[in-house]
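The two complexes that follow have subunit A in common; it is paired with subunit B in the first and with subunit C in the second.
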Partner chain A sequence: MTAGNLVVDIDGSPILRRVSLEVSAGELVCLVGRNGAGKSTTFRTIMGARKPVSGAIALEGRELLGLAPFEIARLGIGFAPEESEVFGDLTVAENILLPTWTRATQRSATEREALAYRVFPRLERYRARGGQQLSGGERKMVSIARALALDPKLLLLDEPTEGLSPAVVPSIVDGIGSIRQLGHAVLIAESNLHHVPDFADRLYVIERGEIIYAGAPADVRKDLAVARVVDGVG
Partner chain B sequence: MRRAPSVILIVAAVVALGLVPVLAPPFYANLLVPFYGYAIALLGFNLLFGYGGLLSFGHAMFLGLGAYGAAVIAGVWGIKEFEIVLIGAALAGLVVALPLGWLVVRYTGIFFGMLTLAFGMLTHSVLFKFYHLTGGDSGMRVPRMRLLGLEFAAYNKIELMAGPFYYYCLALMLIAAFLMWRIVHSPFGLHLRSLRDNAQKALYLGVRVHQFRLAAFVISAIYGAIGGAILGFRTGLADPELVYWTHSGHLVFMTVLGGFSSFLGPIIGALALTLLQDQLQSYTQYWRFVLGAILALVVIFLPRGLAGLAADVGSFLSSPRRRPGPVQLPEHSQPGVLGPGLRRDDVA
Partner chain C sequence: MSAFGNILLGGIFHAAVLFLVAAGLQLVFGVQKIVNLACGSFYALGAYFGITFVTLALKAGMPQWTLLPLLLVAGAVMAVVGPPIERILRTVYDRDESFQLLLTFAMVLMFQDIIRFLWGANPTSLDNVQLVYGKIVAGDFIVPVYNLLVIAAAIGAAALIGLFLQRTNYGRLLRATAENRTMAEALGVNVRGIYAAVFTLGTLLGTVGGALVVPTAAASLDMAVEVVIEAFAVVVIGGLGSMAGALAGSLLVGLIRAGSLVFYPEFEILAIYLIVIGVLLLKPSGLFGKPAA
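Then we have the complex of A and B:
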């Protein structure tokens, strides 16, 4: 997936300023930035929920601008938003089953369901539980597993560990690791550099709607200005 | 085997309804014929409202469409086969609901409600004002029709309604309920429930929101038109009152009374209101006041309607705590499972 020079205004205020991103097949890339930096807007723009003023987004060469969110999902981009809203009136099993009907891939629906439960084994025993009866961590797991059940080429995870108990975070990170091993490209938005998985391939840092760093996670602190942003002291 | 008591209750209810013409005076069987029409219409209405989260305030227009369709097909064109009338009414519902639904399903909440109300009122005005075409406030006559090719010439109107037509409608309601059961328990039904819950999230999962809502709207219109054809045959008349907004309110009342979160709720509501209205009308001229008070009480104290109340009573009666002796796990529980998705090791 490539996003080039995305400019997004909301109510006349510039939110994204020429944001460019690229995620290759099988890669795990993180977009790090403080609250309000433009991470969620970037994801929503990729998903077609926000219309950019200018720029281009393509998935495997196919232009995505102008497509509706459901069309983008069907082309192969799964999205687990920050709010992790599961369908409260649906059971865990129904939540995960739903996307297996909306996008046909080489994997069968049964296989895709099985993969979702393999990534988060805890959900297996909550299959019959209603979405409203889940804890925050479980809802997050369902949200990610549901996006994975779409069998996407690229998975967008918006702050997957935000607001979760430290005891639950390792389960989520392990799950993301399993997703990567399955060969899906993953783009994660994170506000905390310490939550970026060790196995991330590349890192983008976004500040006030601009990408100020793109490179290896290990080198992110080499630039003092970037270090201040990721450490939250700038 | 958790469903066993429900299945037994449903079978008992169907048997009881089947015995009405045999055991009760013809008046009651005749009284229940509109119930079947409403029950079928509300099965469709609740697909839209209970499962799709779209509350239509103009749904009576489809009942009117069915009744006027019957009047045109049987009265004007002279085709007296009720099965053809039903197919014609369903097609009319489909043809009208497709373009109308295409527009209104783009809106939700109060905007959807107001748009359906507006189109309902528009339909009423057309039926009311185009006198030469629709008979104006006098309506159009719906003649007596053949059922399954049989004339039933020996029966007068009351006997026909309380006998053959009663059973015909009962069978039609069972078929309609079975089909609707299959619809709401299919992937289509699951998609609809996800839309009711959160349409934006459903979009992110690739669900074609408008398409599913349109399909629900069209199916509900077809059910409404079939219900309307039954109402038209029973009264022998299709008149503009059928599509008036108060009649749409009547449909909402029945659904809320029975419980829109339950599959059988609208059917229970249609039966309860049919019987209740008849009884109240025989006691007082202020029956509308009493109905209004009942609706207020149901909304406040029984938000899940009569079906929810029945479910709660059933759960209470079957609660292990009410039984003497050792506490037993429900029959459906797997070893180690304490409830839906809860195991003993979670509790420890």
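Then we have the complex of A and C:
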């Protein structure tokens, strides 16, 4: 997936300024930035929910701009939003199966469902439970498992560990690790550098709608201005 | 006893027809968040077209026993108005409720004129067909078999809608869309397609309801507004968006109406609205509605 020079205005204020990023097949990339820096807007724009003023987004060379969100999802972009947004009226099992009814892939529905539970084995026990009877951590797992059941080429995870108790965070991070091993490209939005998984391939830092760093996670603090942003000071 | 039986069955028959209209209203509101006043017009269209269709079919030599299937077909045919209306409603999906009410009320008035143009201003009816399936007589207690068939059809419709929403994957997609449209879309659900399907189904319930009522009552220009008023009472009593509420509310309104028609005909609407006020005071979200967040 490539996004080039995305400019997004909301109510006349510029929210994204020429944002360019790229995620290659099998890669795990993190987009780090403070709250309000433009991470969620970037994701929503990729998903077709926001129309950019200019720029281009393509998945495997196919232009996504102008497509409806459901068409983008069917092309293979799975999305787990920050607020999880698990359907409370459906059971955990129905939540996870839902994307298998909207997008057909080479993997069978059963296979896709099994993979989702393999990533978060804890959800097996909650299959019959209603979506509103879950803890915050469980909702996150369902949300990520559901996006994975789309059998996506690219998975967008918006703040997968935000607001969770430290006890739950490792199971989410392990889950993301297994998703990566399955070969899906993953783009994670993260407001805290310490939550970036060790196995991230690359890092983008976004500040006030602009990408101010793109490179290896290890080098992120070499630039003082970037270091200030990722450490949450200045 | 027989008077009580007659009121009871009269009320349940009315409830059966009312349930179909109210179920359409609930379905459309539940999924599309549109309060569709035009459901009354669909009911009226079903009634008028039902009369024309059955009259022509019987003249063409169809046997009398085909009345019920003919009315169901007439109702189903009239559901074709659903998709174009839904297309127009797309302009107000994301707007304030007052726009939706204005637009759908404008449709009620437009359909009233269309009906006046096509069928004239005088009430029209389908004569001498209510008893084609015979009647059940027990002392003073008399009920046309047709009425029982309509009650059975409404119960069947309620069961089918319930099964469809709870047990089919498409029904689950509808419920997911009803709860969170944006998330459903992000998971590949074609929300536009769902809206068109739901609205057509809602229209179908209204037109079939209207068609089924014509062997027992005349079709008139006022019937659209009359049924909307009752359907809204049903929705307020039962709870907006709830199918179980539509069922309970229809029964209550049907029975109150039948009872007051016998004892105090002047109080027919008043009696219904007293119950509505009572529910609003005691349980504002309705008997089966979820309290507002």
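Here is the rule we go by: the second predicted complex is superposed on the first by the 234 of 234 C-alpha atoms of A that agree within 3 Å, B and C clash if a C-alpha of one lies under 4 Å from a C-alpha of the other, contacts with A are read in each partner's own complex, and residues count from 1 in each chain.
Operating definition for what follows: a residue touches a chain if its C-beta (ideal position, glycine included) is under 8 Å from a C-beta of that chain, and two chains touch if they have at least 3 such contacts.
Here the structure is a predicted model, which means the values were calculated and not measured.
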Do subunit B and subunit C fit side by side on subunit A after the overlay, or clash? clash
Contacts for A:V92 in the overlay, against subunit B (first) and subunit C (second): which applies, first, second, both or neither? first
Quick one: is A:F199 in contact with subunit B, with subunit C, with both, or with neither? Answer first, second, both or neither. neither
A:A128 contacts which: subunit B (first), subunit C (second), both, neither? first
According to the contact criterion defined above, which of subunit B and subunit C contacts more residues of subunit A? B
Looking at subunit A, which of its residues have contacts with both subunit B and subunit C? 47, 49, 68-70, 73-74, 79, 81, 85, 87-90, 94, 97-99, 101-103, 146-147, 150
Write out the stretch or stretches of subunit C touching subunit A in their complex. 169, 172-173, 175-176, 178-180, 182-192
So, in the complex, the side of subunit A touching subunit B is made of residues 47, 49, 68-70, 73-74, 79, 81, 85, 87-90, 92, 94, 97-99, 101-103, 125-130, 133, 146-147, 150
Where on subunit A is subunit C touching in the complex? 47, 49, 68-70, 73-74, 79, 81, 85, 87-90, 94, 97-99, 101-103, 146-147, 150
The subunit B residues in contact with subunit A across the complex are 187, 190-191, 193-194, 196-198, 200-209, 340-343
